[in-house]
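Letters A, B, C and D name the chains as they come in the text, with residue numbers starting at 1 for each one.
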Amino acid sequence: MSDLLRVAVVGAGYWGPNLARTFKASGDCELAVICDLDVSKAQRVADRIGGAPVTADLAAVLHDPTIDAVAIATPARTHHPIVMASLRAGKHVMVEKPLADTRERGLEMVELARHQGLVLMADHTYCYTPAVLKIRDLIAEGELGDILFVDSVRINLGLIQPDVDVFWDLAPHDLSIMDFVLPGGLAATSVSAHGSDPLGTGKSCVGYLAMPLECGAMAHIHVNWLSPTKIRQMVIGGTKRTLVWDDLNPQQRLSVYDRGVDIAAVSKATAADARAAHISYRLGDTWAPALPEREALAGVVAELAASVRERRAPRTSGESGLLVLAVLEAATASLAVAGAPLPVTHHTLEEGFVR
Amino acid sequence: MSDLLRVAVVGAGYWGPNLARTFKASGDCELAVICDLDVSKAQRVADRIGGAPVTADLAAVLHDPTIDAVAIATPARTHHPIVMASLRAGKHVMVEKPLADTRERGLEMVELARHQGLVLMADHTYCYTPAVLKIRDLIAEGELGDILFVDSVRINLGLIQPDVDVFWDLAPHDLSIMDFVLPGGLAATSVSAHGSDPLGTGKSCVGYLAMPLECGAMAHIHVNWLSPTKIRQMVIGGTKRTLVWDDLNPQQRLSVYDRGVDIAAVSKATAADARAAHISYRLGDTWAPALPEREALAGVVAELAASVRERRAPRTSGESGLLVLAVLEAATASLAVAGAPLPVTHHTLEEGFVR
Amino acid sequence: MSDLLRVAVVGAGYWGPNLARTFKASGDCELAVICDLDVSKAQRVADRIGGAPVTADLAAVLHDPTIDAVAIATPARTHHPIVMASLRAGKHVMVEKPLADTRERGLEMVELARHQGLVLMADHTYCYTPAVLKIRDLIAEGELGDILFVDSVRINLGLIQPDVDVFWDLAPHDLSIMDFVLPGGLAATSVSAHGSDPLGTGKSCVGYLAMPLECGAMAHIHVNWLSPTKIRQMVIGGTKRTLVWDDLNPQQRLSVYDRGVDIAAVSKATAADARAAHISYRLGDTWAPALPEREALAGVVAELAASVRERRAPRTSGESGLLVLAVLEAATASLAVAGAPLPVTHHTLEEGFVR
Amino acid sequence: MSDLLRVAVVGAGYWGPNLARTFKASGDCELAVICDLDVSKAQRVADRIGGAPVTADLAAVLHDPTIDAVAIATPARTHHPIVMASLRAGKHVMVEKPLADTRERGLEMVELARHQGLVLMADHTYCYTPAVLKIRDLIAEGELGDILFVDSVRINLGLIQPDVDVFWDLAPHDLSIMDFVLPGGLAATSVSAHGSDPLGTGKSCVGYLAMPLECGAMAHIHVNWLSPTKIRQMVIGGTKRTLVWDDLNPQQRLSVYDRGVDIAAVSKATAADARAAHISYRLGDTWAPALPEREALAGVVAELAASVRERRAPRTSGESGLLVLAVLEAATASLAVAGAPLPVTHHTLEEGFVR
């Protein structure tokens, strides 16, 4: 028996080869097998990474007692049955985004993992990039102060997906990142979604999500498949400093601005006019932290191994994947009522656990 | 009697001096007098521009039969009484944004001007910049095709205004520009406003406006007083091309992208899957039209003179100022119901005119 | 016998694997063998690309009558013996930049290829990028008019090479591109090189090359290993338009500016003062041509096959590689005399051919 | 008698009005008179700034014992006679760039001022911008370490001047700034100038200046009237950090990069190969210092007053203006010998003073 986590990769399509390559190269894991219904696809992946066992028989994989964990990169609608079977077979599970195709199914997966005492990890790869890890640290260390607003723009000329709208296609990135970096996670009190399908494709191609947070901040996401220019920018405003993450500027991805508005604490009785007298402005330096060159997916794999080893929830847990689904479902419902704000179904005690 | 339009400037505060200077330099107008309750302020302005009559007596200005028009740059809450008095005195009127402090009062002004057969012009200065004039022309000439979406971002570290929120402070620019450049004006079917006051200033400092348009496009505005970086960008997507206006890039303010998604016309009966087969992508050239160097305010003054001379509505009419008020009032109401979409009160026949 | 060009890749170090992969994927060529003194390196490359014969025996490769061409990616100092042997064995040759480590040796290679009637191609990969191909076409079609100046900046924090200075490391890119896109090639009448070794590394780390061209234009190159920011920009000014190539801006790599100075043709007798009256300025549109997504190295391989098939000089010929060496040797000599301008040794008839 | 420095402004053309306005607004100076041969031009300036005495009689100005200093903004060829007369009349002098039209005449001015014990100040306005003042401070405080290279680019579509080439038109800015910020001033050991006149205007329109400095660093300037894009960028590399000044990026004018190459000190005996082992790379944070909003010309005026009051050389002294002339004359001479490096005539003891 090995000390390494023995992992089976299920699915040899778009993302599976990256998982296979990374598990193969990992010092924490051993790539046990690549499984795909089309075994020739699995074999091609194995060839490209210098060899690995392959199979088309998922049941055999799940019955193999030497396999500790299953990494699933199959289409979203197949996540639920494969994850449930894997958990029932006693395997730890990592699954691509989105966790499932409905919140209900995602919830079943989370509850089963919890019941079985197994790790269920969402592969929110972006969260393991040097930029996002740094943002999380800066916020945790209090560098930004209390969070005032989060504004994310993710737009480009994108493929119009056959089965999902622009919210389900692009917003999971922003939602999982916000849940990862914000101190209490993405605690949205409601979601308003405004979408537009100006080309008549049958689904939103331009979308906006407004999410007031419990802390009083506003989170907002703009996703767009029709923009000729590509923008990947998130601004996180805080009482002390404001951070801008421009992912398309490799020379200065993160900028931390020591600029903002200061408001001296005033008693609630004070009139608004008096309050004005207590406003001042800071125009300080800007600082761009150096970021290490590190592959995000290697961090994903290391976190899976560490969470299994340490018997703890992974940093991008099934619950965070579930929250993304909850927000997206609320967004879809809000779209159907012309953008009226709708509550996000958070996990409750009745469902067996607290976030 | 002169062929020039004789104009009185009322208000010698922030904007009045610019008006006075521009009327003085205009070949179409004659600066008749600068009027301010504090006549010493009026005098200082007159001195700086090489001399002009000054007065503190507005009534005398309005009774002066040699004065053709009044340009009003006083605080918003005073617009209504001054405009109404001016129109009653038979003067043409130009007034700073916002037209009035409520839609109701703005409507009275528009109706009185119409009844009197006088010009009522909104000084939407931005609309007379070379960039916006070019955008209007490009859209009118069909260069963009049908409009699919309009997305405007106007954010910076801004003064927290004592009496208005970020919507009323910044969005009038975007709204008046959209009304100016879109073929049918800003025909919003509803407005959803999402605001946030994370510093407890008593008013929104971060705001989002989502406005579905009658043509099926979505218009959206992001305004923000708390952003450490300054962005002034509007993207107008069309079926043929998409335009990006980056007002802070003097080397390339306008870019027209021949990129986008083409959808072959399909019958309504066609299933969504079939439709996917008809989607194609264009990745053509980008084109940045040269813009003349021209002062916007000189264009404003020329338009006032021309509209009086030609007895026609100015390109930025009282009605367009009224529409801005209607959207802002709907936004304020939407804010009060957590962003639920509310209709915009458009002018109706009962109100005596059609846009 | 195959219709495909059968190519041996010699050298399995940094660049050889890219060549091997591209030849393997090419529809024009067949990868015959990968040859490296360390056959295990060759084998690793073969494995990664899905298999290929390997060998450590270069002589056997050159004696193999089924092999048509040799692509050489070994250290620069080994180019001369391997190329000469390959040509003597009747093989067409493609060789990495720089062609050789001295101009003298490069000249021998060029002359032998010419004598043998074989193709000798310089792998100036940059010349086959969509941006450079487009630049060449635009200039050839007269879009820029006559060339007035060429200014190239290639700076970043770079590895201080053990055996070459910043000129020999970086400038070959700029020189080969200039030679490729300029109508008559890089016809430099002299070279002045200014270098600086402020860290005492024993070689220039900051360098400038000024090269007056026969047509009256000035070509200039700035190379720098010590710059914290990365710049890859070439400006090519013409009488009609000016082109800016910013290789680090994937959203707008090429911009063609219809801006410039026009001088009405005046007789030689006209005094300079009179001439001033004939100067006018154009401030026209900017245009950014769309560029196809295409891998440069595939273009290199296709050109090798085509030049052999069509018995013609390749677009990046041995002669162009030789010119790069001639300029670099002149630069090294100029450095030794504090930047005084020195002539470039161009190929002459006595040397057996004309460019 | 006033404690304020009473200043006469001579010349009411392009720059004089700015001087007059700034002296008028200064708390340190009193605008005594505006003097221009065309007294109506002087009057127009006086009117625009709220009034000031005017005259066409320079002799009377120089004989007026209540006038302490003369600020000269006349054409360059007139600087010498006016400055000499002013100094002879016992007035302190500030003069526009260039100090004079030849180095010889500039030297006479410097020597006379020194002999008379009067202040002779060069109005190198750029040196008083917040960015340049900050650069000077950062270098003086050792933030950059020892200087390794200075590279300045100042290019745009510029007016082709009737009487000067691009070096004399644009390079004085870069030269005076370098002299201002470098610890020992711009101690160039030689100058190589490469110019090009591709349009046949009779003077260089594209120019490069290479200047090895005594400290071993290289200073380089690129000036260009024919560039369609505008660039104003100076990079100052140091052993500890490197600074980039991008004057056209108001959101981040200065960036200080903690990136670079470190070389462990090795004995002179060590071979170059061994040295390679001692090279390491730093990839640290970037820092953009906040800059105050301050008008440069107000700083110029304050410095004139302070240097007179404190009987000291101004920070931009006549000597620095003289150095600019010395470099430009060497550049002109170098141009005449095809860019061969020529020495800069520095001030020597024989000339009566040491810098």
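Just so we're on the same page, a residue touches a chain if its C-beta (ideal position, glycine included) is under 8 Å from a C-beta of that chain, and two chains touch if they have at least 3 such contacts.
Model, not experiment: these values are computed from the prediction.
> Examine where the copies chain A and chain D touch and state whether the two sides share over half of their residue numbers (same) or under half (different).
Comparing the two copies, chain A and chain D contact each other through largely the same residue numbers, since over half are shared.
> Among the chains, which one keeps its Cα centre farthest from the Cα centre of chain C?
Using the mean of the C-alpha atoms as each chain's centre, the farthest one from chain C is B.
> Find the geometric centre of each of chain A and chain C from their Cα atoms only, then give the gap between the two centres in Å, rounded to an integer.
From the centre of chain A to the centre of chain C is 44 Å.
> From the mean C-alpha coordinate of chain A to that of chain D, what's the distance rounded to whole Å?
54
> Just curious, how far off is chain D from chain C if you go by their C-alpha centres, in Å?
Roughly 40 Å, centre to centre.
> Please set out, as single numbers or ranges, the residues of chain D touching at least two other chains.
Residues 229, 255, 259, 283, 286 of chain D each touch two or more of the other chains.
> Where on chain C does chain A make contact in their complex?
47-48, 50, 229-230, 251
> Spell out the residues on chain B that touch chain C in their complex, using ranges where they run on.
Touching chain C from chain B are residues 252, 255, 258-259, 283-290.
> Which chain D residues qualify as touching chain C in the complex?
Per the stated touch rule, the residues are 146-149, 151, 157, 160, 162, 190, 192, 194-202, 205-206, 208, 210, 212, 216-218, 220, 222, 224-229, 235, 237, 239, 242, 244, 255, 257, 259-261, 263, 272-273, 275-276, 279, 281, 283, 286, 338-341.
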